[in-house]
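Data first, discussion second: the structure below is written as structure tokens.
Naming follows writing order (A, B, C and D), and every chain is counted from residue 1.
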Amino acid sequence: MTDLLPQNIHDALAAKAIEHLHPREMIIEVLRAIQDHRGWVPDEGVELAGQILGLTPLQIEEIATFYDKIYRQPVGKRVIHVCDSIACWSRGAENLYLYLQETLGISPGETTQDGTFTLLPTCCLGLCGEAPAMMIGLKAYGRLTRERIDEILATERAEAGA
Amino acid sequence: MSDFAIDILLILVKLGLIFAVLLTGAAYLVLAERRVLGRIQRRYGPNRVGPFGMMQPLADAVKLLTKEDFIPAQADKPIFFVAPGLAAVTALLAFAVVPFSPPITLFGREVPMVVCDLNIGVLYFLGLSSLAVYGIALGGWASNSKYALLGGIRGLAQLISYELAMGLSLVPVVLMAGSFSLTDIVLAQNPVPFALLNPVAFLVFLISTAAESKRIPFDIPEAENELVAGFHTEYSGMRFGLFFVGEYINMMILGSMITVFFLGGWIGPVLPPIVWFFAKVMAVAFVFIWMRGTLPRLRYDQLMHFGWKFLIPVSLINVIVTGALLLWLKG
Amino acid sequence: MPILTIDNQQIEVLKGTNVLEAAKGLGIVIPHFCYHEALGAVGACRLCAMNFVEGPVKGIQMACMIEAKDEMVITTTDQASQEMRARVIEWLMMYHPHDCPVCDEGGECQLQDMTIAGGHDIRRYGGKKRTYSNQDLGPFICHEMNRCIQCYRCVRTYQDYCGGTDFGVLGTNQRVYFGRFRDGRLESPFSGNIVDACPTGVFTDRTFRYRTRYWDIEEAPSVCPHCSLGCAVIPGGRFRELQRVRGGVNKQTNGFFICDRARFGGGYGNHPERPRVPRVDGAQTTWPEALRALRKRITDLVARHGPGAVAFLGSPRASLEANYLLDSWAASLGSRRIAFDSHWQHDRSARVAAGKLGPRAASLEDIRCSDFILMIGVDPLNEAPMLALAVRQAVRRGVRLAVIDPRPVTLPCAAAHLPLAPEALPDVLEALAGGDIRRLGRREAVLLEGILEQLRAAERPVLIGGPDLLGAAGIERLLDTARLLASEHRPCKVMTVLAGPNSFGCGVLARQGPDFEAILNGMLAGEIKALVCLESDPMTGSSDPARTGMALGKLELLAALDYLPTAAAHHAHLFLPTTAVPESAGVYVNNEGRMLLFSSAMDPGTPISVSGGGDHPPRTFLPATPGSEPRPAWATLGHLQGRRLSLRDIRQAIEMEHPNFAGLSSLTTGGEGKRIADISPPPETAPEIPFPHSEGEGTLRLYAMEDFAGSGELAGYASALAPLRPTPFVMLGALDAKQRSLSDGQQVRLRSELGGVGVALRVVPDLPAGIALVPRLRGTALESYVPGRGHYDCQILSEDEEKT
Amino acid sequence: MAEGIDVYKRRYGQNPKSLWRDLKGTVEPFYVTLRNMFKKPVTYQYPEEKRTPYPRYRARIVLTRDPEGGERCVACYLCSAACPVDCISMQSSEDENGRRYAAWFRINFSRCIYCGLCAEACPTLAIQMTPFYEFSGRDPLKMVYEKEDLLIADGGKDNEYNFYKHAGIGVANPRGGNEDEYGPVDVRSNLP
């Protein structure tokens, strides 16, 4: 269990779940906690969340498979979500997406060999004003260019390596 | 042995011969009809029993004899039993007056080749051919079936309608021959048959005989698509067979009559007279079969219309014209 | 009441009806998937497009989402809406596989019908198709996700309506997947309903897998015989075998759905040992011979010992007609010794319900529409599963539900559970009726105050009770409570769960007659020489199997009419085979007194799968159908009395004799049935059941309880239910377990007056102290623990203790 | 008689050609039938002379196999539903690969009218009609053919077709492995 969730966080979540009138509302919170700790949510993570919240694994899984920011498959240390919605696309996101694939040497959904980056497309990030945009972890980057991407990747790689 | 006894013996021999010839003739006429119809429809017809299907009549007889003789529950039994016989017998009787060859000399006696050369042969024939309808009418009545009854009634109506035309078409023949005896009529046609001398009478007679014998296109009494099988709907087995035989004997008799009245009977060159006679009868039978293979059945109203409004006036006119002509020629 | 015009026809509908339903009322059926009368409209499939020409809304709209309003003018046949429907069905069909020939739904597939009805007859999409991997959903349901069209009906049925939590919808976008978290059996006892709900072949009945096409199956509207609720079912047979059961529609009882016991528990009629030939003294014989023998032996006994020497036992699973004829046979012989249920407590409870329930009886629909529910001494999921579902529908609307029961009553919905020992239940009822609440413990008193308060505030409260723990006296008290709580303006309805599908009818017929206990005494005393059992097995049915066995041994003649290979049928001197429910017609009176007609779906006979030995059927021509000897019990009973009666005659005779059943002969199959008229004289007050308190150190009061699939007489013979039968276990409160230092899951030894059995222990946190519970499981050592008998004194020891 | 003449007037008065047409119509058929009498009959003298039926002739029914040699019949009951004389009966079953097949399949040829509706209904091309028509017997039970009697080791009229390669339920190929399918969807994929 400890490799899924540290005991203290587990206990805190469990205590909160008992207080909660509708523990279902905490599903994302618990899944994010597991994901923050483990990097992604394995099947055992879903079951653990169920245990904490008093729900069946399926009820957790319904939510977990619905949101694309909850990873049900292993990912790298940093997950790049590239926006492929219309606003970004009209500002050349498609090319940047291809550039990212080229630079990282992976296709969408894959993880780089060193396990640093996973590249995923996503629908709107809400950053249409700064299109084209992408998000790494919880950090959003707008007004992307090739140079900026190189820069960001370098920084992130350095941070991830540290 | 007295002449009388010999006469009786000869008559019996002739009767036997005629019976045998007529019955086998009728049986083979059935076969011939089926074969000819088959060929008209580009089939073979029955050809499985014996060579060329020659044994088919025998097989048919065996089949008919072994079939169940079915009698409807509410049938008038005596009449039901008698009717088919009546149909066959009246047909047979008519042949008594048919001369099929000139008298031949046998053991120094002149033997007339006719069972009975009545001097009112024509009237006898007309009478018997009308009687033939009794079998049909009674059979239809006795079956207690609406189809059979309708068939019988139609048969009666049809006979009455065409008997008239038939009789009237014979008047010119009698006028021309000057006799009621069939032998005399035959002799009167040497060398030119009446068919050529009076084609109108010939045609009217031909049509009327077809109607008399209920042949297609005049088979209204047994019209299958309306009346199932008409007057013999309820008959089965040999009783049905008797109706059948009666019909084909009738065909032979009428063929003989046509031969006698219009085709010059036995008269013909080279071949012996009896062969000529049979050849002519067979030719007429062929025409009947041919007609069956060609023409569709008339509607009932058309039949009546044709008989009353066409044939009778035509034959009446023909009587007048022939009489006038004969008077003019002789006068 | 709005009046609207659809396709130039006017219709007036109830307020709140949607336009799709309104059109259906006119006979205009527009293709639709997601809308289901029980599940409601969600407007997801986009198929029921209609053109709204005039009225509050205009244009092409989804008819199921729009409430019928006055002055609406709608067309369904115009080009625009037709084209819309054709396009939508084409999209839905885009990924649909090409496997109708190997799909069990083929022929009764709504998708097939709607595709054709929607005007999509040729596939234009030539690209690749999306596929899915399937899950193993257990022994009842087959999964084939490729056929899915994402109508969400399964989830709405399983989660929303039935309250299942282990099946749902996963993924998003093009990957929407309907399934479980992992492979495994669907846990809800109502899981089979997704087979009926799925409009295509994603979920199919595994027990019916690849057996028969819809057009070959013989079906007829029938009534489920597994419990007393009288749910409408549609059994289907082919090749002389009951192959499946579908849910029927009866809005007053089950609504649209049925439980898994009803759906998969139909195999009792196909039991390989089912006796199908009459037997005299163990030897098979012909019908005339058997009937003659039975008549002769009974006349002889009557002549020798008087009519009292012959006793009769009817059955709550036999039709009303058969029970009535048994009664009239007994009367014609002059014997007054007839009982209709071998279980004394069930018999008495049914009589109380039949005599006193009257207009206060709640139907399942009343429960669905109620606004407060109190369940006392009833365990719906095990005793009457569809009751649990009805209760859930009320709870879904926000209705409060209180459960007072010692058992850990599991429900597909939230409930306030007050676990009280069975002995306390009469006190509770008394307290509810206005008695002294303080007799109970403090905690209980507080909770009960709350319940009482809500009960008084509710407008349409319903009390629900069962006979197993309350007993006849308790049921009577429950009815009194309801009477006291009700006022002229505020009804307080009651539902009493009874033992069998026709318990109520038997209760009416039994009136003041003797019960089986009296007959048993007569048999033991030697006064009764013969017993005729109609579709009942006193050996397992009575509350004391051992005593019954002894009494049966003393009989000179035991005659049995049955379709099950019961012990009584096996030991009977004279046996006459009868037809099972799907093979016969008749009437059941359900627990609220509703007369429900069932009709025969198929003829009896040895299934081809049996006579053919699994291979192709034998290549012979027989004049008779093999194994077709069973005759309806009513026909046999009529014959035995020398009367040639049709069902109609019998029903008219019943109406004449018992005016309660007025309207019986005018019932039609497939309808909602008809409540019996309440004009029977109230029965004598049932004797009090003493609840003796146990003495002695370490002695527990052991109560037997019903099990969903293991307890019912019919369910016990249905092989398909085997996966649902638990292994024997005993339930013990946490405190008692701790005292004995036993833990959950441990193998323990259960010792009682019936002997010792090794079972698994289940520790239940809030079971009252001093109480242990066992499920009655047929075919196991726990078979002889009969629910509703009172308690057994027992001891629970760990295996080691037992050895020492 | 005057009335009779009126009839002829009414009928032929307007168009004298009609009379000619009627006469011709009565006489000409005699020529037609006479001419036919001398043509060769079309009849085949069956037991001696046998005719070769066309490949699509509808006679004895067979069950064919797919190119891999598996039974094509999936026991979908469509043939028995289509059969107007109810001469086909079967029981479907499932083998260990999930393939639906007929546990037993029976055609009662003494009832069959060779209408071909079964072959037309068959979605997998399993049931096919053959031109083998010399097919009769005296014992009705011997005309009841079981699956073993009906199965042939051939694909019949379309040798290439294999239903399971198109059905998309993973019997002939793994699920999603047919050429017109994507591989199975992964619900837990991170890709949206």
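Just so it is clear, contacts are C-beta pairs under 8 Å (C-beta built on N, C-alpha and C of every residue); 3 or more make two chains touch, one makes a residue touch a chain.
Note that the coordinates shown come from a computational prediction; the quantities given were computed from them, not determined experimentally.
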Between A-C and C-D, the pair joined by more C-beta contacts: C-D
Chain located farthest away, centre of chain A as origin (C-alpha): B
Chain centre separation (chain A, chain C; CA means) in Å: 49
Mean-CA-position distance for chain D and chain B (Å): 51
Geometric centre distance via CA averages, chain D-chain A, whole Å: 61
For chain C, residues that touch 2 or more chains besides their own: 170-172, 175, 177
Residues of chain B engaged with two or more neighbouring chains: none
Touching two or more other chains - residue numbers and ranges from chain A: 65, 68
Chain contact topology (line, ring, star, complete or other): other
All pairs of touching chains, each written as two labels joined by a dash: A-C, A-D, B-D, C-D
Residues of chain A defined as touching chain C within the complex: 43, 46, 55-62, 65-66, 68
Residue ranges of chain A touching chain D (in the complex, touch as defined): 65, 68, 71-73, 75, 79, 108-109, 118, 120-123
Touching residues on chain D, where the partner in the complex is chain B: 1, 3-4, 7, 26, 29-30, 32-34, 36-43, 45
Chain D partner contacts - residues on chain C that touch it in the complex: 97-102, 106-107, 127-134, 144, 146, 170-175, 177, 209-213, 215-216, 239, 608-609, 612, 614-617, 619-621
Chain D residues touching chain C - in the complex, by the definition given at the top: 74-78, 80-81, 91-94, 100, 103-106, 123-124, 141, 144, 146-147, 163, 166-170, 175-176, 180-187, 189, 192
